[in-house]
């Protein structure tokens, strides 16, 4: 008994310094691979890419138990390019998330700071490729082509993925599968450079058994480039059939007379210690920007991938994708030779390793 | 006995990796809130702010026991804006502190690198709002108005808060309440951009029972903008009456013919698990810069706040402040509409959450 | 028995949070000192310097055991200036290394990302001053003078130290002292700014008993500035005589008609708990760049230093170095007054503290 007491006393002494650390965790993802991109009529290009399966990142976060089911927490998340060691954003080091939270198991969470907008979150959960890699949905969510996104933000930071200075309320667990939240940003002092915009967003979903369904709407007012509103709505569902999990999601961006509708059908197929992933996507533009009619500038993308898990934390992966453009559309898999002609086809192939730490 | 030995052996094995880490700690502060600022004659502005109770930051530091009361240590401290994930300084990532130290319990500490200047440290300890938030003393320590600070540094980095390339000696504890130190910077290769200046500083204080008193002087030579000296002196005292702790501090900046004297009276009143904070400040300009007489450009600020501790690490807070300007002075609470007329009044109100991790 | 079981159960609970952290380590180096540089005919300059014994840095890394002698790992390494808290590179935060690895004890390691080029690694191990401080070999590896390095890269990032987007294979241990590896970079999308170049490199060495010998070759194609190849070869050896360890290494840079050959003889002499270090170096230029003949622009450097270990992690150090230039050469110890005349002499002296954490 005494000896055990001594053991415990020693334990307390020895473990103390580590315990003082225990509420702060340092984690992240290191992901790098090789990609080859071939744009029609142009030389194909091979390059090393970072984060083709999951964005390379460093996460520092922690929570504090306040008792009675309440907690406080913070989350700092830095995106980086493993290829050359640069920050993913040249101006926002903690570009992926920077928040402080107060949470209650019964009343939900208040969260302040930079985070994903509801519509983005509502898309990415239904996308087998999660907005990254050769088959990224991000290939169709760009401010480069003339359309509602460019029209609303120009080349300034946009809110199709994240928003700054956001106040969020998130529903607690235990509501019978109901989940979601709302986002408001206090954009009093707007800055074009860092994508400061006034955002109002809402997300509501339900998950039960093999099924999940959810909807989100995000509205942005940005009077730096235009006085109109930018709306971003997403509706999706998924069903797990066991042998395959399937999903469908649609996301619509609108600004003044321009509209872009992205649709995706996705599938995840478990095979042994790996998983096959497939997606079919379409970007449908409609209306006009100023005098430019954009209806014909559509694009389609297929993505096919395989992820082989070496452990719970480390995987090898490979992805193939192909983008087919119509009209003036020149959407491409990133990394190819620039200058593809309108209506061209872009193909990407990549293979890499992703390590969660 | 044997079983305990096994327990300890297991313990040693299991704890080893954590112990290797135990000398480096990752800590910091995540602080965000909402602020409303109303400048006289202009529309009020609401925004989300970072670090209104304490600057949001990430700290990586550690010490090594060298035996015989000696130790080595390092301290890296990065300021950040929780609102948008940017570094507080676009050029100096570890803007708050970057030092290496050798210390002895009896002989004191040698510290090399970037750190607070003595005069700043000697002010902030007597300021209930510690140079941050709506009622920050920083509202009166700015290089924008014509006065000694602008005259000495222009819009280059200044030494009113920190200095680069500093060599410091700090007194050890156990001197009967005496504390302090000196700072010298080796500014051979001066750079305007990062505030490299030649600094000589000294701080000396005494604390005993409920009372503390201290004085500091910091002199900067900056031949990038001017050949004159910039002097920054601070003298303060505090007394803890139990029901309230009160303080008084005066800080004087001088450069050529211009002088600015800041005065503060502060109070901290414990109430239950919280604390009321109050400060009254005055900035008194005198003399002239070139042909411009600055005597009339004074300002006053009152600050009133309440901090409610949810735990030792997490707090809710609220602050009200009001700045009254005279003459050509246009000092404001940060975050309002710009362009207030000379002599106007600026009011700020904020509420937020601060989480130490 | 039961009590021990309880002890272990408690242990498991208590240690768990730390264990979740145990695979990620946060470490680094904090190094600062004072340096005086005297360039012939000019005023001497004293300044504080960071990393004169070892570059100040923050390292976040970890490995995961995949079983059967296999492992996955990552390594993020950020260089910094302790003097003012800036990142060592303004664009590449993780400038020193950013890699993900798969390794096998018998088959070796695959490593993807930014890392040292083989020729650099093959020089630095034979250099007592490891490319840092007043006696740095880096004083002779600069893109400033007209020569093969400038000719190949201009003022863009060069590959004399590291390369981006590199694929490496490294030999495993247990090959009877044989070690080495190869590097290939996939530089499809080349960027001048971050030193993106197409690199092919190889290193092969053997170490046994007191002796080590190794050779490396790195070839860079950079069509941003020139269509020619830049070759960088290094051959070195060291021998530990017990009272002194001696080394000799030669490194040759070639580009079109220009050639630079650096030679070094080094020595490490253990004395008590410290070490004396000495190096003699020569940079020999030959050939021409365009119409400019560079043969006469040679330089020599001697370095003499002492490192006194206060512990395994912390040391005091001092270094003296002198550079003698010939012809148009104006190589200098960093930190002095600029504008030294061609053929001048530059002397540096420094003393500081280095703390590994």
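For clarity, chains are labelled A, B and C in written order, and residue numbers in each chain start from 1.
By our rule, a contact is a pair of C-beta atoms (placed from the backbone, for glycine too) under 8 Å apart; a residue touches a chain by one contact, two chains touch by 3 or more.
Values in this document were obtained by computation on a predicted structure and should not be read as measured data.
At the interface between subunit A and subunit B, two copies of one sequence, fewer than half of the residue numbers in use are shared by both copies. Fitting subunit B to subunit C on Cα positions gives a rotation angle of 120°, stated in steps of 5.
Chain centres here are Cα averages; for subunit A and subunit B they lie 37 Å apart.
Counting partners per residue, subunit C has 4, 7, 11, 15, 18, 21, 23, 26, 93 as the residues that reach two or more other chains. Within the complex formed with subunit C, the residues of subunit A that make contact are 1, 4, 7-8, 11, 15, 18-19, 21-23, 25-28, 30-34, 37, 45-48, 50, 56, 58, 80-87, 90, 93, 310-311, 313-314, 335, 352-355, 357. For subunit C in complex with subunit A, the touching residues are 3-4, 6-7, 10-11, 14-15, 17-18, 20-21, 23-24, 26, 60, 62, 64, 66, 70, 72-74, 76, 89, 91-100, 102, 110, 112-114, 164-167, 185-189, 194, 196.
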